[in-house]
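We just call them A, B and C in the order they show up, numbering each chain from 1.
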Amino acid sequence: MTRDQRLAQAAQTLNCPMDVDIAPGGSYCPVVRDERMLYVSGQLPRLNGVMASLGPISAQPAAGAATLAQAQKAARVSALRALMLLQRTLGSLDSVQRICRMTVYVHCTPDFTQHSEVADGASELLVEVLGDIGLPARSAIGVAQLPKNATVEVEITASAHFAL
Amino acid sequence: MTRDQRLAQAAQTLNCPMDVDIAPGGSYCPVVRDERMLYVSGQLPRLNGVMASLGPISAQPAAGAATLAQAQKAARVSALRALMLLQRTLGSLDSVQRICRMTVYVHCTPDFTQHSEVADGASELLVEVLGDIGLPARSAIGVAQLPKNATVEVEITASAHFAL
Amino acid sequence: MTRDQRLAQAAQTLNCPMDVDIAPGGSYCPVVRDERMLYVSGQLPRLNGVMASLGPISAQPAAGAATLAQAQKAARVSALRALMLLQRTLGSLDSVQRICRMTVYVHCTPDFTQHSEVADGASELLVEVLGDIGLPARSAIGVAQLPKNATVEVEITASAHFAL
């Protein structure tokens, strides 16, 4: 299977159509390409217009709080959107040389400390689709809030085989 | 009008002299240039020695909290400082090839979710001065606190036409 | 003294053996090298399996809270780990051209505003070991929580003299 076929398969598993609207929700570019580098805007876990997970994740179950499984799925959805944007920019994921860096912002209460486990949801999607070159340098950070009350936001920087 | 003229105009509108002191408040470089890339340190919204906006932004008006308009202006001031630093590093903004990435950290209470609207204040300044190449890939993040109780901090990575 | 000798000296002062285990605590690469660029994963201040500082830093001393001195040392330890990873990737720190960017995430309560002072702990280690090329563009950010309740997390992007 090619990378593009594996992306389509991952999208199907998450019930996300490949032509899903990923329009920017503000004044920014979804992806900036500068020579070999691709800077993908921070992705929220929106799927078919609905946020995959809302609210902070907390150590103890709480009203309005996300569970670890929800947050991991949200990280996966955000990473899927980032790969879809890379594919649309490059034509095919075959042109990706490396996922260089990923920052996973986790909206959490101060008692939550499993940010790495949440971020693994995003890493696993990248490796499933891209193989070894999908495993990024990573930072996982716990933050007070995210746009639209999303549970995670995933920011990816990648390189392509050829410069523009 | 040139980019440098538009920067001067934007500075004047914000009552910011073009020779304003942007000395680092710690042990770091305001801008690192490495071949074609320019890494600008996170900018607080300081204007003539005074922070344009202090305190967190909250969904409901509160004592000591910033309003949306104040936070947007603060984002604009931070972006202005980043462009001034790029100009001082390069001699002229004509040498900027692309604003590649911008991260807008918004100091907020957990009920605030309009981080994108705050970040738009910074994006709009970049596009006013630089045109289309000023529109960056962007992440907007809500954080617990920022240095000196500032309401926003704006981090920009740009590229130049020529390598050092 | 060479950079590698100064790194060994800094490690000794912090009681950190040069062959310390810096295995990833999740699904990511410690360092991604893409041509000239080196992306180091966010480093927690772990030393010989023990976190150098836990809990948030607050403006007032509080139970379970870190002091400024502890947080500065933690930033120093995180920066040491990042340099050790660069050395292991490149063979020698002599191959580092520039520390381009550093983001210092400080786990804090909302009353704490001295993030720059904490980040200086990391900057000083970089300059001690690498000299002028170690002084990075920097952002210091206050966050709600960090993985494993660490007090700081330090993310570094560097360039090497030669591309892979």
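The rule is simple: a contact is a pair of C-beta atoms (placed from the backbone, for glycine too) under 8 Å apart; a residue touches a chain by one contact, two chains touch by 3 or more.
Only a predicted model underlies this, so the values are computations on that prediction, with no experimental measurement involved.
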item: Cα superposition angle of chain A on its copy chain C, in degrees to the nearest 5; value: 120
item: Classification of the chain A:chain B interface as same or different, half of numbers criterion; value: different
item: Chain A and chain B: spacing of chain centres that average the CA atoms, whole Å; value: 25
item: For chain A, residues that touch 2 or more chains besides their own; value: 103, 143-144, 157
item: Sites on chain A touched by chain B in the complex; value: 25-32, 34-35, 37, 39-42, 56, 103, 105, 107, 143-149, 153, 155, 157
item: Chain A residues touching chain C - in the complex, by the definition given at the top; value: 36, 97-103, 108-117, 119-120, 123-124, 127, 135-144, 157, 159
